[in-house]
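Structures incoming, each one as structure tokens.
Shared between the two complexes below is chain A, which has chain B as its partner in the first and chain C in the second.
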Partner chain A sequence: MIDIKQLTFGYSSHRNVLTDITLSLDGGHIHGLLGCNGIGKSTLLKIICGLMRPTAGSVRVDGVDPSTRRVDLMQQMMIIPEEFSLPSVSLSSYARMTAPFYPQFSREQMDYYCREMMVDPAEKLHNMSMGQRKKAYIAFAMACNTRILLLDEPTNGLDIPSKSVFRRLLAGYADDDRCIVISTHQVNDIDSLLDNIVILDQTGVALSATTAEICSRLWFGAVDPAAAVYTERSVLGQIGVAPNTSGEDSRLDLELLFNAVTADRESIARLLK
Partner chain B sequence: MGGYSLIRVGRLTAKHYADHLRRYVMFYALMAFIPVMFAMLTKDIELVADMGTFMFIVGAFAIAPVTMNELRGNGTKILVNTLPVSTAERMTFIVLNTSVIYSLLAAATGFVSLSVAMAMPFVAGNAGECSAEMWHGLYGRWELQVFVWIISSGSVMINAFARKRLIESYIVAFAVMVLLIWGLSDAMIRMEWHVEWRECYEWIAKTIYCLVPVVLYAAAYVVLRRRQIKW
Partner chain C sequence: MMEFSEGKPIWRQIYDLVCTRILSGEWTEQSRIVSVRELAADVGVNPNTVMRSYERLESDNIIYNRRGIGFFVAEGAKSHILEIERREFLTEELPATIRRMRLLNVTLDEFTMLFREK
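Moving on to the complex of A and B:
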């Protein structure tokens, strides 16, 4: 669905933000895009939705270059940015003017999402708090029923009950045809949703694997330091990542995985091969 | 492919006005208020027509940033930029909003100013004459309409080029325009070919004059397509 080949991008000619990214994001999955601050996660989402052109390499969404801004492709793509500005109108008015651009929009679904997230569609968006505004836009974006949904830090600003509602709604939204990409630092908010993990670092894609592959080959938790690939101290004692020799799937700890990949990507890649 | 759709252009125009209604009300209210204010201060209704012309030209500079502002935000305007409309459709909306729609609304605003000024008992002058002058000397003159469209298309071009430093870009564009006019008039005086040229080739000059906004709008479209300015 989304094919990225040797993509390089820089805001200036002196410094590249993304270097040599090769990645394939298929439909029917919820992909987690992880990386340190400034590594280019948000930039990659903007390139995927055609707002920026890569300096080198290519991006194809359903075989089409998104920077050509083909309407039929853009009708199938929705991005929820981390920060955004909305006009000073109610969500209902906003939806009335914006929904005609998205053929699959469903008003009933939007009302359902609003009810679940406790957002009043009649309230003016400017009068809402940041979290309320985000929930309102999430409700609208999901009701557009696009095949590709790009979310940049979706849980930032959401209160604790809303985070679990969001997880439930997103899990219901996912199907075999939809490609959902979530870029986030709040890994604990969404770790149960993800079924493919992509970690970016300065040199490109440090890891791209399904959660099933990761859990079958790596063990997370209390480990023997001698056998571990990565260890760290926590309040529970020494925890880390080690080869999974038990034959049982372990529970994925995204924070540990991220730290392990950042510390020693080669060892993790070797174990996942 | 989705193709080009005038319906989408209409939807985009409706959405733009719905989202920025307050901004446009302020913009046109200011255009109406300033001539009335001058008429009140001088107690002369004829000033409404003069100030109307001035506001019509100044407004032509301002309408492009008002139209294109929603495309310029650094990150926060993503939602507008990712709307499923093609560049050609968006450009059609920009052209319409900065030329035909602007001219119509500015003309309506001008006549509203005149009506308001006429209703004031302390403002002297012949309202009928002023109204006729306003039409024949301002909104009904094709030369002025084209001149205003040259300004608004030039302003669209500046907005297409300038990503961040809009004010500086306007200053540079103004300096280039002054230098160009100065250089051209200087050359005409030195070479003494202005009189014959105007008489013999007036139709060429008029055609070129009318084509200037078309060329500027086309150039702005090319720039926006190539540079992919956040839309």
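Moving on to the complex of A and C:
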């Protein structure tokens, strides 16, 4: 659904944020986009939805260049940015003004999401706390029922109960066709939602694999340091990432995976090949 | 709200959840169970992960799929689950407990006494 080829982007001519990104993100999956601060995750999401153009390389969404902002594509694409400014109106009024751009928008669904996340659609968005405003926008964005949904740090600012409500609502939003991309540092908030992991580093895409592929090849948790490709100390003793030779799966630990890829991406890539 | 523990993969925890509901009688044999999408939304887990659990439950003859209708609890699922869990207990949990008993110098007499009491 989303095809990115040799994409490069720089905000200024002498420094690139994204370099040589080649990646495809299919429908029917929830993709987790991970990477250190400043690596270009948010920039990549903005390029995918046509808010910015790549310096070099190409992006195609359903075969269409999103920077052309074709109406039929824009109707199928929604981004929830990490930070946003909304007009000083209620969510209901905001939806009345904006929803006509999204043919699949459902007011009933927005009301349901608002109820679940305890947001009052009649309250002025400017009077809400940061977390409430984020939930209000999530409710609106999901009610637009677009095939492509891009979320940038969606759990930032959400209180503890809202995080699990958010997980349930997003798991219910996913279907065989929709392509959902979540960029985050808060991996523990959302790891049960993801079935495909993409890690970006300075040189491009350091890893792109399904969680099933990762767990069939790699073991996470207590490991024999001699066999491990990565270890760190924890309260439980040495934990890390090792080749999975047991034939059984361990629980994917995204923090360990991320640290392992950061420390030695070649070894991880070899094991996943 | 479901809390996922460390160690076991999530698909396995969903597998266990379904088994628990069958053992407790909440889901009876030959009755339809919740769809993959419903369960995914209920516990906040990726639907593909839940599908993986259902596929494994199907290949273990605990549930079966009626195309276009949904998943049903198989005939004899309850005794089948008990048999699987019994085997796992005897081959994995019990040997681990015995190793720990040896480590802590727990004698067979102590164990027998407790076993009779409980």
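The rule is short, and it goes like this: the second predicted complex is superposed on the first by the 273 of 273 C-alpha atoms of A that agree within 3 Å, B and C clash if a C-alpha of one lies under 4 Å from a C-alpha of the other, contacts with A are read in each partner's own complex, and residues count from 1 in each chain.
The definition used in the following text is that a residue touches a chain if its C-beta (ideal position, glycine included) is under 8 Å from a C-beta of that chain, and two chains touch if they have at least 3 such contacts.
Everything quoted here is computed from the prediction, not taken from an experiment.
Engineer: Please tell me, clash or fit, for chain B and chain C sharing chain A in the overlay.
Structural biologist: fit
Engineer: Of the two partner chains, chain B (first) and chain C (second), which one does A:S88 touch, if any: first, second, both, or neither?
Structural biologist: first
Engineer: Look at the residues of chain A and decide whether chain B or chain C touches more of them.
Structural biologist: With both complexes superposed on chain A, more residues of chain A are touched by B.
Engineer: With the two complexes superposed on chain A, say which partner A:G38 touches: chain B (first), chain C (second), both, or neither.
Structural biologist: Neither partner.
Engineer: Could you look at A:P225 and tell me whether it touches chain B, chain C, both or neither (first, second, both, neither)?
Structural biologist: neither
Engineer: On the A-aligned overlay, A:T211 touches which partner chain: chain B = first, chain C = second, or both, or neither?
Structural biologist: second
Engineer: On the chain A superposition, what angle, as a multiple of 10 degrees, is formed at chain A by the C-alpha centres of chain B and chain C?
Structural biologist: Between chain B and chain C, as viewed from chain A: 150 degrees.
Engineer: Superposed on chain A, how close does chain B come to chain C by Cα atoms? Whole Å, please.
Structural biologist: 27
Engineer: Taking the complex as given, what residues does chain A use to touch chain B?
Structural biologist: Residues 42, 46, 49-53, 67, 69-72, 74-75, 77-79, 81, 83-89, 93-94, 97-98, 100-102, 137 of chain A touch chain B in their complex.
Engineer: Could you list, by residue number, the parts of chain B that touch chain A in their complex?
Structural biologist: Within the complex, chain B touches chain A at residues 1-3, 5, 8, 11, 14-15, 18-20, 22, 73, 75-79, 81-87, 89, 228, 230-231.
Engineer: Applying the document's contact rule, which stretches of chain A touch chain C when the two form their complex?
Structural biologist: The touching residues are 28-30, 164, 167-172, 174-175, 192-195, 211-212, 215, 221, 249-252.
Engineer: Which residues of chain C touch chain A once you look at their complex with the stated criterion?
Structural biologist: On the chain C side, the touching residues are 1, 4, 6-12, 37, 40-49, 52.
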